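Note sheet for the following structure.
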Amino acid sequence: MTVIVSQLFTGVSIGAVLLLIALGLSLTFGQMGVINMAHGEFIMAGAYTVYVLQKVITGAGWSLLVALPLAFAVAGAMGVLLEFLLIRRLYARPLDTLLVTWGVSLILQQLARDIFGAPNVQTRAPDALTGNIKITDDLVLSNNRLFILALALLAVVALTLVLRFSSLGRRIRAVVQNRDLAAVSGIPTGRVDRLTFLIGSGLAGVAGVALTLLGPIGPTMGTNVIIDAFLVVVAGGIGHLKGSVIVAFALGTLQSLVEYSTTVSVAKVGVFVAIVAFLQWRPQGLFTLRTRSLA
Amino acid sequence: MSGTGLVVRDLRVVFDGFAAVDGVDLEVAPGDIRFLIGPNGAGKTTLVDAVTGLVKATGSARFGDEELLGRPVHRIARMGVGRTFQTATVFEELTVLQNLDIAAGAGRGALTLLRRRRSVPAAVSAALETIGLAALRDLPAGSLAHGQKQWLEIGMLLVQDVKLLLLDEPVAGMSHDERDATGELLRVVSADRTVVVIEHDMDFMRNFANTVTVLHAGKVLSQGTVAQVQADPAVQQVYLGVG
Amino acid sequence: MRSLSWRAGAGFAVGAVLLFGVAPFALSDFRLSLLAKYLCLAMVAVGIGLAWGRGGLLTLGQGVFFGLGGYAMAMHMKLADAGPGEMPDFMQLYGQLDALPWWWRPFANPAFALPATVLLPMLVAFLLGSLVFRRRVRGAYFAILSQALAAAMAILLIGQQGTTGGTNGLTDFQGFFGYDLDDPVNQRMVYFIVAGVLLLLLAIARQLMRSRYGELLVAVRDSEERVRFLGYNPANVKLVAYVTAAGMAGLAGALFVPAVGIINPALIGIVPSIEFVIGVAVGGRASLLGPVLGAVAVAWAKTTLSEEFPAAWTYLQGLLFVLVVAFLPGGLASVVRLLRRRRRPPPDPAPVSPAPVVAQEVTA
């Protein structure tokens, strides 16, 4: 019994990481339909923010606290720059956006290699997050995973509040639902796009900070997580935050349970098969925006 | 000629709790040109979407002896039901001839498809003449003027040999002469077909409609000849009276 | 071959002379075997040009099919090297297995292994394609799924080290159907086979592109829904292009193994799969020859640059993706077309619309 509970907790914490890395995508891909392959490198930028910050601020706790907003700003700024320079010109060609941003991701990875070196580096975790909470002898919850879970949930709540109640959120939703109508209603769609990108990419930076708590960081860390993140948004459905949340935790749990009974590599394949099967049932993802458009 | 034409019974389309089409009954006889009119949001396009399989609907829509609802789009098309869209959708990178040839070929076997086109099928060259694009047949469809694209779409329906044509605002954006030409074209093709036209242009309707159905808020408000419908006080109130 | 116009015939003749008459004499053995490797990559590009350029299917998982073909061939060659009833050397080395796994056994027979290099990838593409196309999973969704497939396959291969060679893959081949692969004469023979197969694949792709099917494929790419309303099932149209491209990638993988001497997960994962695409984009995705020339050029640039300046190559590759796809989506082929058009007088602009002639009715 405890084995199942502890696997479930592992699943939930894998899901929390998935959710954090997918949350930004659910904005840029889910809301705007932009496939940004460099999103993984924004995560990497967030992680390296912690690394650089710890050269200045020696206290691991403080550096983590400062890193969260700073990583949001760094990755967000990179996102805005990318949107302004390239993606803006490619809104009509989503597949080409994918390839262009892949090129950007290659360049960013190489930049990281040239600046920080190719080998992975380790950051220091605050003491408060290195321990465990012991529920029973068999069921031990690690603090860093609990922290990530809390961070993921906090990010979801904050994003939901912004989307639902702020004027920016209303504008974002207006642009998503009908770009032309939003434009003639006086909403500056270009600026809204850029702000959406700022938030989505900024969340990638936050996810990067969280990943430093789980292991070493390196130039290719983004590539390793980006596909999973995209699968979460694809299966969750375009334009719906709650779809991504549910799918992230479902996939995390599935992966952890399959992993427990077989191996990591089989679990990865299992997750892929599950998603293809799922799309047979809901080809537009868990939740869909119903529109009458021909596309 | 398919005996009974289009018969729609108690058709309903619901989007997230909102009934876009709310129990419509409709009969269009072969040889008729039926205009569907109504204010924006009345459910005209959704009705056509439902009949052609683009959206899910309940109730019944029969053409000839066959039930259309519940079948995939391409099966409905092969049963002789064709449509155009509000914004002309032709294959812009293919030539006029290629557009028509594709429309003519849904029944082709694999071997024919894997070979090159050696000659122009008779139906295609006839349609090129009918829609007046014979001289432009080797131009990419994307370079055509707006009205020409609409005619190309109608031409594609002709070579497809559909028995039921559903046209969504075929004269939107056309000049006066182009409208008349399109109307004449509709008269000719309706001789042995059933034609349903969604249109906002009242002059065009008066000139070319045989019968008219007025939709309002997903329901049939009025039905009859142009004169009957125009005289209907309910119609005047919600629709014609405004203009 | 009646359908080949004289210009295409001349093109093929020039290609054949270059590949068979010039290259083997102008290039050293080393360079020639490099060219064989590039030509294998170009075969994958031909398929991508068909599926992506003409069909709009951005398949980021061609490495999977390349790998299936490659591993099928490599397994056969390993078993042939080991001799009847013996296990391949790496299995004995790892010592995890007492007997050959059941799914290795049929590959000992060339009558199974050779067709499998093409049919296996086609079967996988057929299964995946009929699932996702039928449910109208398309565009970005399809691209991401195909990429996830490549990731899953690479991870699976790495995880099963005892039976697949893991990260090392399958390598150290001695013979290719009885011919010693260390012998330069036999390496040259492999090159000729590769060049011949590439020409064959080009002929197939050309026929598909110029047939009615090719027109239909473009129509599906540009407006899938419209094609549906004409009575076609677009899923089947796409499936043909996808399965054909998979078969081409499989064949490429199968020939890559004797030509280069290795197949491993690093050749089929996410990164190599998307690298197949860049050559196609550079050359011109919708043209016939563009993908081939682009793939060869990019592969050549990679070999030349990445040895001496690995960092510079990564930057250049990134820039290629950005600049070509964003600013020259038609690739180099579109530049060629533009130049050719400039030399000729421009065609007449669309004449003013004549009204439809409603005199005669269509009898279809």
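Each chain gets a letter, A, B and C, in the order it is written, and its residues are counted from 1.
FYI, a residue touches a chain if its C-beta (ideal position, glycine included) is under 8 Å from a C-beta of that chain, and two chains touch if they have at least 3 such contacts.
These figures come from a predicted structure and were not determined experimentally.
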Per Cα centroids, the chain farthest from chain C: B
Chain closest to the assembly centre - both centres taken as Cα means: C
For chain B paired with chain C, centre-to-centre distance based on mean C-alpha positions, whole Å: 42
Computed distance of Cα centres, chain C from chain A, in Å: 32
Residues of chain A whose C-beta touches two or more other chains: 294
Sites on chain C at which at least two other chains make contact: 223, 225
Residues of chain B touching at least two other chains: 85, 89
Touching residues (chain side chain A, partner chain C) in the complex: 29, 33, 35, 86, 89-90, 93-96, 98-100, 102-107, 109-110, 113-114, 223, 227, 230-231, 234, 263-266, 268-269, 271-272, 275-276, 279-280, 283, 294-295
In the complex, chain C residues that touch chain A: 56, 58, 128, 131-132, 135-137, 139-141, 143-145, 147-149, 151-153, 155-156, 158-160, 223, 225, 270-271, 274, 277-278, 281, 311, 314-315, 317-322, 325-326, 329
Of chain B, residues touching chain C in the complex: 52, 54, 72-74, 77-78, 82-83, 85, 89-94, 98-99, 101-108, 112-117, 123, 126-127, 129-132, 135-136, 139, 143-145, 147-148, 151, 156, 158-161, 177-178, 181-182, 184-185, 187-189, 191
Residue ranges of chain C touching chain B (in the complex, touch as defined): 3, 207-208, 210-213, 215-216, 218-219, 222-223, 225-234, 350-351, 353-358, 360-364
